[in-house]
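In what comes next, subunit A is part of two complexes: it sits with subunit B in the first one and with subunit C in the second one.
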Partner chain A sequence: MPGFLHVTAADVSAVGPEAFLCVVGIALVLLDAFAKSLRPSFPYLTLGGIAVANFLGGYPSGSAFAGAIETSELTRFVDLLALAAVALATLGGGALLARDRRNQGESYALLLWSAAGLMLMVKGDDLLVVFIGLELMSIALYVLAAWYREVAEATEAAMKYFLMGALASTFLLLGVALVYGRLGSTRLTALKGALASGEGFSDPMLQVGLLAILAALAFKIALVPFHSWAPDVYQGMTTPAVAFLSTAPKAAAVVVAVKVLGTLAPSGLGEPWRPLLSLLAVLSILFGNVVALAQRDLKRMLAYSGIAQMGYVAIGLATFDGAAFEGILVFLAGYLATNVAAFLAVGALSNGEKEAHPLADVAGMGRRRPFAASVLTLAMLSLTGLPPTVGFIGKLLVFRAAIDAGLMTLALVGIFGSLVSAGYYLRVVYTLWMKEPSREVAAPEEDVLSGAAYILVSVAMLYLGVFPRLLLDLARAAARSLPY
Partner chain B sequence: MEGAAMNAVVPMTVPLNAFLAVGTILFVIGLAGVLLKRNALSMFLSIELMMNAVNLLFLAYARMRGDASGQMVVFFVIAVAAAEAAVGLAIFVALFRAKRSIDVDEIASLKW
Partner chain C sequence: MLDSSTPIQWLGADILTTLVFLPSLGALLLLLLPNGAKNAIRAVALLASGATFALSVLVLQRFNPAIAGLEAFRPLLVDRPWIPRFGIRYLLGVDGLSLILVVLTTLLTLCVLVFSFGQTIPKLRGYVAAFLVLETGMIGSLVALDAVLFYVFWEVMLVPMYFIIGIWGGKRRIYATMKFVLFTLAGSLLMFVAILFASGVHAKATGILTFSLLEWIPAASSGAWSLTASEQALLFWAFALAFLVKVPLWPLHTWLPDAHVEAPTGGSIILAGVLLKLGTYGLLRFAIPLFPGAAARYTPLIAVLALIGVVYGAWVAAAQKDMKKLVAYSSVSHLALVVLGIFAGNVTAVSGAVMQMVGHGLTTGLLFLLVGVLYERRHTREMADYGGVASQVPVTTTLFVIAMLGSVGLPGLNGFVGEFLILAGVFKANVWWAAFAATGLILGAIYLLTLTQKVFWGPNRVEANLGLTDINGWELAGALPMIVLVVVLGVWPQPVLDLVRNSVETVVQIASVRMVP
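For the complex of A and B:
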């Protein structure tokens, strides 16, 4: 590897945001150990760190670290999503954690490290970098899943998440090993070259390798049948951590799936990949939506709703053309704003992080806590995909791309799923505004930070829903920068 | 004397396919362990076995291709696996304290 030991300024700037987030995380852990009295200021420190990391995100496109890392409009788009997700989780989550006195520096540091991992994962052109990024992202999340370690349900969820996540990582590694054995490189660019120069894709070893990699990514995205960790983890994990986990890491895994598929299936998706992805999409949409109907716990319901929402993304993956990528990116950005809003509001309207979040608890909150209840209502409308929210734009683009590509059945399944989903999303709205409270819920008042988070996500959901131009331009530039 | 005796041994070359076979068999044994064992620790040990099976595959392929980057991957995998083990074992300890068991059949309070 010529020049591998020469680290240039361009190399450092390509991973500047990740490096800075890691340093801020370490600083938070040290501050927590030596200056506990500073704890109330940790959210502000975290937000400052995110702001600087966002400033460092203006790196040029190109390859760095001798080709191990590729930066582009796309990686900048994912950087933006990751930073937005951590920032919103920090803004809205500080008060929730402080209520239980569990706002240690590590809770912010782990989120920052996880975000750094997922940003690195998307930048990786070398599959080894993808693996390391994915592990950094996941290991931090395993710890966050067990954040309330004295709560048996939370630790149980963490154990399941850890075991299944570690298993998924081994499959990713197996896939990389098989691809490496067949083509002699772990670099996506080199693999593309090797395939173009005649080593055919119909090779069974490559197909098994790609299948293993896709299974690992489908696990991170929580597509049926790799979804079984999601409901438990969503229920047991702290709300701000779930707000992050359910959005940015999934977006990163989807983008990596697009990159890997585009490299190893260069002539478009033929047999067996399109039917396979379509199957994942249909199963996720039907299973997620139907089981969500039966849920009485809000966080569990949102977990199944997330499985279904990722099914819509899988429609875009099965379509696999420029318009579909654009739709996927818009959908993922909209889903991020919406789902973070939903989780923050659910956390704020509950009895505390250590308890369940039953639907009945939000009854009558429309009158008692109109601000948070409005945010939750807006999030439910956006998840259903009703205009004028951003959820509508994302679904429209993904379904339209599928119809244009002749995948009418998939689009119809998606639309049918959306209709079913209205049943449980609108039930939340009904409970919020129409039902009488069944018991006293000690929902805390908003502080300045969580108020800011609510305003930001609401503006994002409505503004991007009415004037989607800004988001569309970003997504189009990002989708065009994909080398396929 | 002993050195001379060692030198007298004819070096035996193990064919590449043998490494690939061992790696594959270890991976399958590990996968069977994850699916069949009910103790969280045993399941995790099986996953570690799978990781090391993949390491063996990487080494064999790197040797076959005469390419050092496959060997480099193994070091990273070992380091990542160690980090993962630290977190995983901590979760198991916390779980045992909360539940007095790490048998996955007994730990099933979260369903549907």
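For the complex of A and C:
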């Protein structure tokens, strides 16, 4: 092992995008402090930073920092998801925050830092790097949850998210400690070697360790029964931040779960892991969808819908083979475009970030704001999984993998969940187009940036639904670079 | 004339692709127009649906009905990879069965749009766009030969219909449209799982990952698919349920009266004229040829449900006071007879069923259209609000009487051919079924004649009807092609029977192999 502080150019380039995002974030905070007049240009600076970071993302596959970091097609795929999520949240969110004059540089910086954290988390081959990445991602989001600190719901959301998130982090550390205690390393590759030669995976201490790590990740993914923070946080957090929170971090946590499971259970999922993940999937799908039916606040509804959607991902986790991983990645990418679209449109069709987002407020918006209403409609159809949207492609792949692996029950539960979900997703659609408005809602006109965001997400939802090959090829390459 | 094996290219796209997406192109074009440009909207509507109809007639002309079996698809087949890794293909093709329904679809869409110009329809742009997107979904479902592609088009039909009922519908439109969507979706999602499972089993058995019917059907008849009996039964029901909900067969029919009553006239015409037929089409194209053993095993059960449907639909229709509801329940009865014909399993009955699918599309479409003419003027569909209006609206009355007699099955009109062939075929299969089904037809004559008598004949009891104006130019232009076909196909049904003979014989032959493992 080379010297501890010996950092090569290859090491730097492996974390180039993260480093650059952090620097841009710091620059934005400083600019906000010393050159407030530049505030209108912050979205452009952020987007420019994301573009450069994306350019820096062309690093080669391999290990860096003496094996603490492992880069691959998969990490590039997650980079792409994270950058897309921040870019879209910035494009569509600037106007929402500017309405209340709360578009300070920090609002962009925190998103960038959070993205950097989740990208680092996925690259970590050392579980401690994973932990650091997860913390960077989460702490930025805790702060964003309290962005409107004068609003009671926002403070509540931040407190709840922080306390429960801290507990989840503790679980992760506990799990890492137990794994280290048993196998003497925190490196996934080293663990894999130790397991291959050693007594294998029946060891109870290892099992408890893995359980703790999975619980922490399930918390970030918001799977039942680790979901209880989601509705309150979604409701209290600013809409652009939720658009990010509900997509990219969940995707990253899912990928880390796949990596950890693949390392500690190299010969495929056996007892008790497959039944356990199946249970998480079934509970999330049934609970999320049924409770979402009863919601009258759009953001809370989308929170429960997100729980159910991650239940479909958990079907892929329980299936645990190459086809399922590919399906998961496609599903996550489609979900990202769709859910960001949904949140941006919900934000644009509301009275403002400080108020609730009742479903009744979007009544008649089909006529008043046809553009944003169409985006929201498309997002609802994609979340339902109706073709020809990208939501259909994701479900097609995940369900196909599950059925091929003989997990028919899971697929049927998923299908049943989809049917229930049509009930509340389509309720949004008819409220938009078929109901008369009950009260005056501010819902400002789109500016250029949010218009661009709407077009991007709509094209993504439709184009990838009709011509999914681009996404499938990316996901295929990414899934292949998983070492199992 | 060109050899029928020459692929037809139009602007670089093959003819079937153009046929499927031309209407959607029109819908896209509409987005560029301002909402108020009524004449431009009408022009685009006419152009898109008219060109699609003309194209379907061109395909009809190029189609060679003499080719038997699955080879019939070959000359116009479009086969491109779509999602190659999962063996999902962009596979389009027509045989006689799908082609006659495609032409029915393009004709009815054109008629509906022309008809709508004579009616007061708010937000005309969206209305026309919804029908054009719907047309893409309908044609696509009929020509898709890849199961996943079929499923995609099948679901694409759902959204425009959801909007058509939900935006332009009556008072309880939201309830009706949600019920329509959830019923249909419940069936189609099951079918989706069945499609995925079926391909998985097929891949394991044959080593070929495919969703193509052209490979599935031979595998099913040769037994190469190696489905166990219980797998076949489950798959059959998953497919059949999706289609029987759409038909709809008693007791899955409850969404239909709601949807029909609340839908705007154009929506009702397309719903009755095409969407219901896609259910029976699906039985003939998927459920029976893919799982012939299970289809044979469950024929008695489905036949009993169909017989109940025939009588129940007629019986309930006879009790209705609302004209639209009456016609809706008559559809339940008529379509149940079609299902009975399909499951009778001989060439006569299945030919009759296909004939009746076309005939019902025309006559019931017309009945809905003419009820829509009256409703537009009086804003009521209660029979009691009319009476003796024949002297006020002589043209409407004449058209209604022709459509009604066609629906009743008067010889010389098109409904007779289908019903007669179905009954003759069912008689061969099972005398009791035929006897029972015939009673439903007699009931049908009673309620439709009563309807006509109550609305058009007798003394004029309601003063408001004295000022009733007759059908206007656009409305008439929409109705005329359908009326003409009702008469022409009644007198001279042979072209349709010739067109579909080979498809029907293929289905019947596959079904009669009855590979019960």
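Definition applied: the second predicted complex is superposed on the first by the 480 of 484 C-alpha atoms of A that agree within 3 Å, B and C clash if a C-alpha of one lies under 4 Å from a C-alpha of the other, contacts with A are read in each partner's own complex, and residues count from 1 in each chain.
Assume contacts are C-beta pairs under 8 Å (C-beta built on N, C-alpha and C of every residue); 3 or more make two chains touch, one makes a residue touch a chain.
Note that the coordinates shown come from a computational prediction; the quantities given were computed from them, not determined experimentally.
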Which of subunit B and subunit C A:A411 touches, first, second, both or neither: second
First (subunit B), second (subunit C), both or neither touched by A:F131: first
Contacts of A:R368 with subunit B and subunit C, given as first, second, both or neither: neither
Touched partner set for A:V143, first subunit B, second subunit C, both or neither: first
Touching partner for A:D232 - first (subunit B), second (subunit C), both, neither: first
Which of subunit B and subunit C A:K354 touches, first, second, both or neither: neither
Subunit B versus subunit C as contact partner of A:M434, first or second or both or neither: second
Touched partner set for A:R102, first subunit B, second subunit C, both or neither: neither
Dominant contact partner of subunit A by residue count, subunit C or subunit B: B
Residues of subunit B defined as touching subunit A within the complex: 27, 30, 34, 40, 43-44, 47, 50-51, 54, 57-58, 60-61, 64-65, 67, 69-70, 72-73, 76-77, 80, 83-84, 87-88, 90-92, 94-95, 97-99, 102, 104, 107, 109-110, 112
Interfacial residue positions of subunit A with respect to subunit B in the complex: 1, 128, 131-132, 135, 139, 142-143, 146, 149-153, 155-160, 162-163, 166-167, 169-170, 173-174, 176-178, 180-181, 184-186, 231-232, 235-236, 291, 294
List of subunit C residues in touch with subunit A within their complex: 83-86, 148, 151-152, 155-156, 158-159, 162-163, 166-167, 173-174, 177-178, 181-182, 185-186, 189-190, 192-193, 196-197, 200
Contact footprint of subunit C on subunit A as seen in their complex: 381, 386-388, 392, 396-397, 399-400, 403-404, 408, 411-412, 415, 418-419, 422-423, 426, 429-430, 433-435, 468-469, 472, 476
